[in-house]
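The next part holds the structures, each set out as structure tokens.
Next come two complexes, and both contain subunit A; in the first it sits with subunit B, in the second with subunit C.
Entry: the complex of A and B
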């Protein structure tokens, strides 16, 4: 048991942070959003530095640390799917964007318009569908990641990845979600805390009002817990109960962080000139994925307490 | 970073569980239904702690010089989890081993160490904590119980309130004001007072929580030898802040909440309630709170294991623990409905144990103030 980074992890994260500070960040996310683009440059830089293969070359925890950091840095990229989920299912990490799809899902899918690989969760199996990147129709949306439309026929096609693959896909997908939610929640909260330290009304910093402080403090407790729960689950190889706990906790946290950061930022929080929306709008998208918090919560109960649970 | 228990820790947990199976009496659930301060549980603690001590487990995290075996903080955390989860068979003595003993090691004279530490580590003594006063709750430094120096003794006048375990206690770790002229945080001292000293009276305050939960302790010209003072005169606040950092996560509340939730889910399954998706969601959400409290507490233990000074992570863990406890207590009542109202029923016993979580050991709002100031570094008024 050790919550501190070891030397290798520290070295990895140091270079990840340098790379992200140069190539990601809210300003870039805003520019990409205006064009509806995915960050191909960032993907290339991460791949060249070897970070997209951390899961196989070092371990899932290290890949998880990357995913969380990327979300905190507002990376507009399928980094969770590519660095964490795909390696759990495929022998080779694809060189193209990966979109995660639920066979029974109806809505638009994150990153699908750019994806070269779809990983489809269809009951007991997962399926691999190769598509021409750019062939799926983009769906206009203001929730952070570029979305695309995956036709029903594609959701039902592809190569089955073997016994247990459906469940494996869901577990790692839940984990990636928990990490992205946690990173984005942390960044949204930090943005608002920084703003409220300098924004003054009634002759004092708004962040000095206790009614405001307690709400922010409660958000901080939740974002800290979300991060540790997700990292723990990654270390243990994404077991069903742990990833459901991490995802449910992170999704509930996201809802609370969205509500509080927007409320406490006032009107500026709704503008594209303030960074908050880069993180917060994404929270709404992420927290709905895979059925959202209620589905994660039911999964916890099924995993832990149902008849014949492991 | 890695999150595995060492094989030794795992083995210790197993051994401890076997020991508990063998040692706890059949009617343990009944003994423990009114909390660690009840006559039944405090009485049992003397027997139980002596047996823990025989195995060298009661104070294993203490230094060898004081009757421990220098076990790492994680080992002690396992003991806390296992014992607190099943209702704390150490009774009030968990306080002794968690922070009163360590405070004596840190600040005590050789004579005090020799007098108190062996008795604590043998499990034969009960302490109470005389901090809060009628006018000094969250604002503890407002305390007014006065200790005047008269030769080689202090004469103590005043009263303490909410004092858990006072009726069973052999000693009290008492906060007094030795210099009323000094600033708020100055002029406070700590005394280690035998409860059977003339001039001390204890009155139980009847409560809805359980038996012997709260007491008032009155001090009427109580003479306490100066040799009973812990740490330097007028510097008691340092001693206390040090001690409280350990207390705030001392009781593994999340472990209790986790076990209660498991038992609740088991009963829900037996009655077919798990089929109801709403019930399944409620249980799942409660589990996220319990797990959040656990992992935040582990973070605090980890800092201790690394020899780092206490940080506001303690407050994060504490509020999360409170939330988990309250959520599980409420859920038990809600799922059982009016059935849970019967005294001593599963829902009732657990709800009563949980209901004080947000106030005991420093109210939630005060923790949130600290998180805002020190963790988020938000400006003061």
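Entry: the complex of A and C
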């Protein structure tokens, strides 16, 4: 067991970080959200650098590291779906945005308005639906990621990807979600700590008060655990129980981080001048995706304690 | 080296050896009170009592693998304390601890667990460990699970040099022990819920039972992951000749403590009166979890370490 990155992993991560620091970040996320746009420039840059094909060319753990880092940088892009989920199901990774859809879902779908490929989880199978990018109706969103509407007919159409593909799609989707939640939670917490260190009250930095520190420490423990749980699941190839544990933990952590960071930052956290909302609003939508922590917990029960489970 | 998140074969072998020993000696329910002398000798022969010390081949990961198994059977006695001794005591004392000939107590300013019976008596105060033997004429008390505790007046002889390393390893091993115990507690409750029928179906079918069990399972899994990450960090820094970094072991200890206590709470709810019988299997585990969760190492300094880590992290990422 080794929780340190090796030379190659560190090199990949360093160049991912450099690229993201130049081309993503909260300021850009705010500008894109105002236009309801997807970050096509970032997608091009990531593809040219080879990062979108990490899963097939290096491994799922490296792709997972990318997804977590992109979420920390508030990338407005389908990195999780394209770099981690699609490679687990398709022989060729699509060059167009990918949206993940639940056949029984009714609500708007992340990134669907820009997607060229829909991966639909429909019971036992997953289906691949090709659509003209930009053909699906956009839905206005206050959560940072652009949304789109996927009509019922499309949710039931497309090419089936074979036995077991439905379950495989859900597993990798859960993993991507856990990584995105963990990255956004980490960033929300870091933004808050930085603010509390400079903001003064009673002649001291707010962050120096013990009551504040304890609350931050609890959030820090949870975000740290979320990240390792998700990376561990990626390392093991996204087994059902591990991804459900990672996603449930990350969703519960997100709820706590949302509550605490906004309580501790006060009203400024909600303003557009402060970066916190970029991450916290994302947490609110991501933590409910795929049914939220209740559904993830139910998946754990099924994997762990069902008839015939180990 | 690479990011590799599974136990190596050596670590698995240590875990299996300890598990085999526990199966053979402890069997079903562990006894209340202190560790029988022959069990202690058995641990020494297995090499468990010297893990992670400067002389040992195995580091914190091997120790973690071993302590998860000890926790799973609620193994009695000052085992965590022995390995703390392996960090802070003098060379010849460390050798005696490894042989099982010298036992170490780690307590608060006036309470010393496992005394009499421990020749070396240490006191925790903040982030420091003192050699502080109890004066003669102490009062013998009994704790929740009949482990002996002495109350009396200590004389501080010296502050031990590697206090931080000792406390950090202590937090890490307490976490591993609690994770092992909590996993077993959750498994017992789940088995009960699966097999016990009420109103014609297993009670585990009921959302009201399944959901809290899944919740505590998540808590235990996350504490386990933090424990492994902390053990890796410990070994990494030891190889590079650095002292322990603050934070990760503290996070593991706080998370494991909370998860294990919550696991006990839920398991007792699920198992009802069956969970309260002395013969077990639940009660001996939950009793010892409570005992270990109130270890003298405490939670206040662990939270401080966690904040220090958070501070350092933010310093890095935000320049």
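Quick notes
Keep in mind that, in the parts below, the second predicted complex is superposed on the first by the 309 of 310 C-alpha atoms of A that agree within 3 Å, B and C clash if a C-alpha of one lies under 4 Å from a C-alpha of the other, contacts with A are read in each partner's own complex, and residues count from 1 in each chain.
Just so we're on the same page, a contact is a pair of C-beta atoms (placed from the backbone, for glycine too) under 8 Å apart; a residue touches a chain by one contact, two chains touch by 3 or more.
Remember, predicted model here, so these are calculated numbers, not experimental data.
Following the overlay on subunit A, a clash is recorded for the pair subunit B and subunit C. When the shared chain is aligned, no partner comes close enough to touch A:179: not subunit B, not subunit C. By the touch criterion defined above, A:61 reaches both subunit B and subunit C. In the superposed model, A:112 lies in contact with neither subunit B nor subunit C. Contacts of A:79 after superposition on the shared chain: neither subunit B nor subunit C is touched.
When the two complexes are overlaid on their common chain A, residue A:236 makes contact with subunit B and with subunit C alike. Taking subunit A as the reference chain, the count of touched residues is higher for B when subunit B and subunit C are set side by side.
By the touch criterion defined above, A:245 lies against subunit B and subunit C together after alignment on the C-alpha atoms of chain A.
Shared-chain residue A:281: touches no atom of subunit B or subunit C. In the superposition on chain A, the residues of subunit A touched by subunit B in one structure and by subunit C in the other are 1-6, 9, 61, 193, 197, 213-214, 216-217, 220-222, 224-226, 228-229, 231-232, 235-236, 245, 248-249, 252, 294, 297-298, 300-301, 304-305. Subunit C contributes residues 1-8, 11, 61, 190, 193-194, 204, 210-211, 213-215, 217-218, 221-223, 225-226, 228-229, 231-233, 236, 248, 251, 254-255, 303-304, 306-307, 309-311, 313-314, 317-318 to its touches with subunit A in the complex.
By the touch criterion stated above, subunit B contacts subunit A in their complex at residues 1-6, 9, 74, 262, 265-266, 268-269, 274, 277, 280-285, 287-288, 291-293, 295-296, 298-299, 302-303, 305-306, 313, 316, 319-320, 365, 368-369, 371-373, 375-381. Here subunit A touches subunit C in the complex through residues 1-6, 8-9, 61, 189-190, 193-194, 197, 213-214, 216-217, 220-222, 224-226, 228-229, 231-232, 235-236, 245, 248-249, 252, 294, 297-298, 300-301, 304-305, going by the rule given at the top. By the touch criterion stated above, subunit A contacts subunit B in their complex at residues 1-6, 9, 61, 65, 193, 196-197, 204-205, 207-208, 210, 213-214, 216-218, 220-222, 224-226, 228-229, 231-232, 235-236, 244-245, 248-249, 252, 293-294, 296-302, 304-307.
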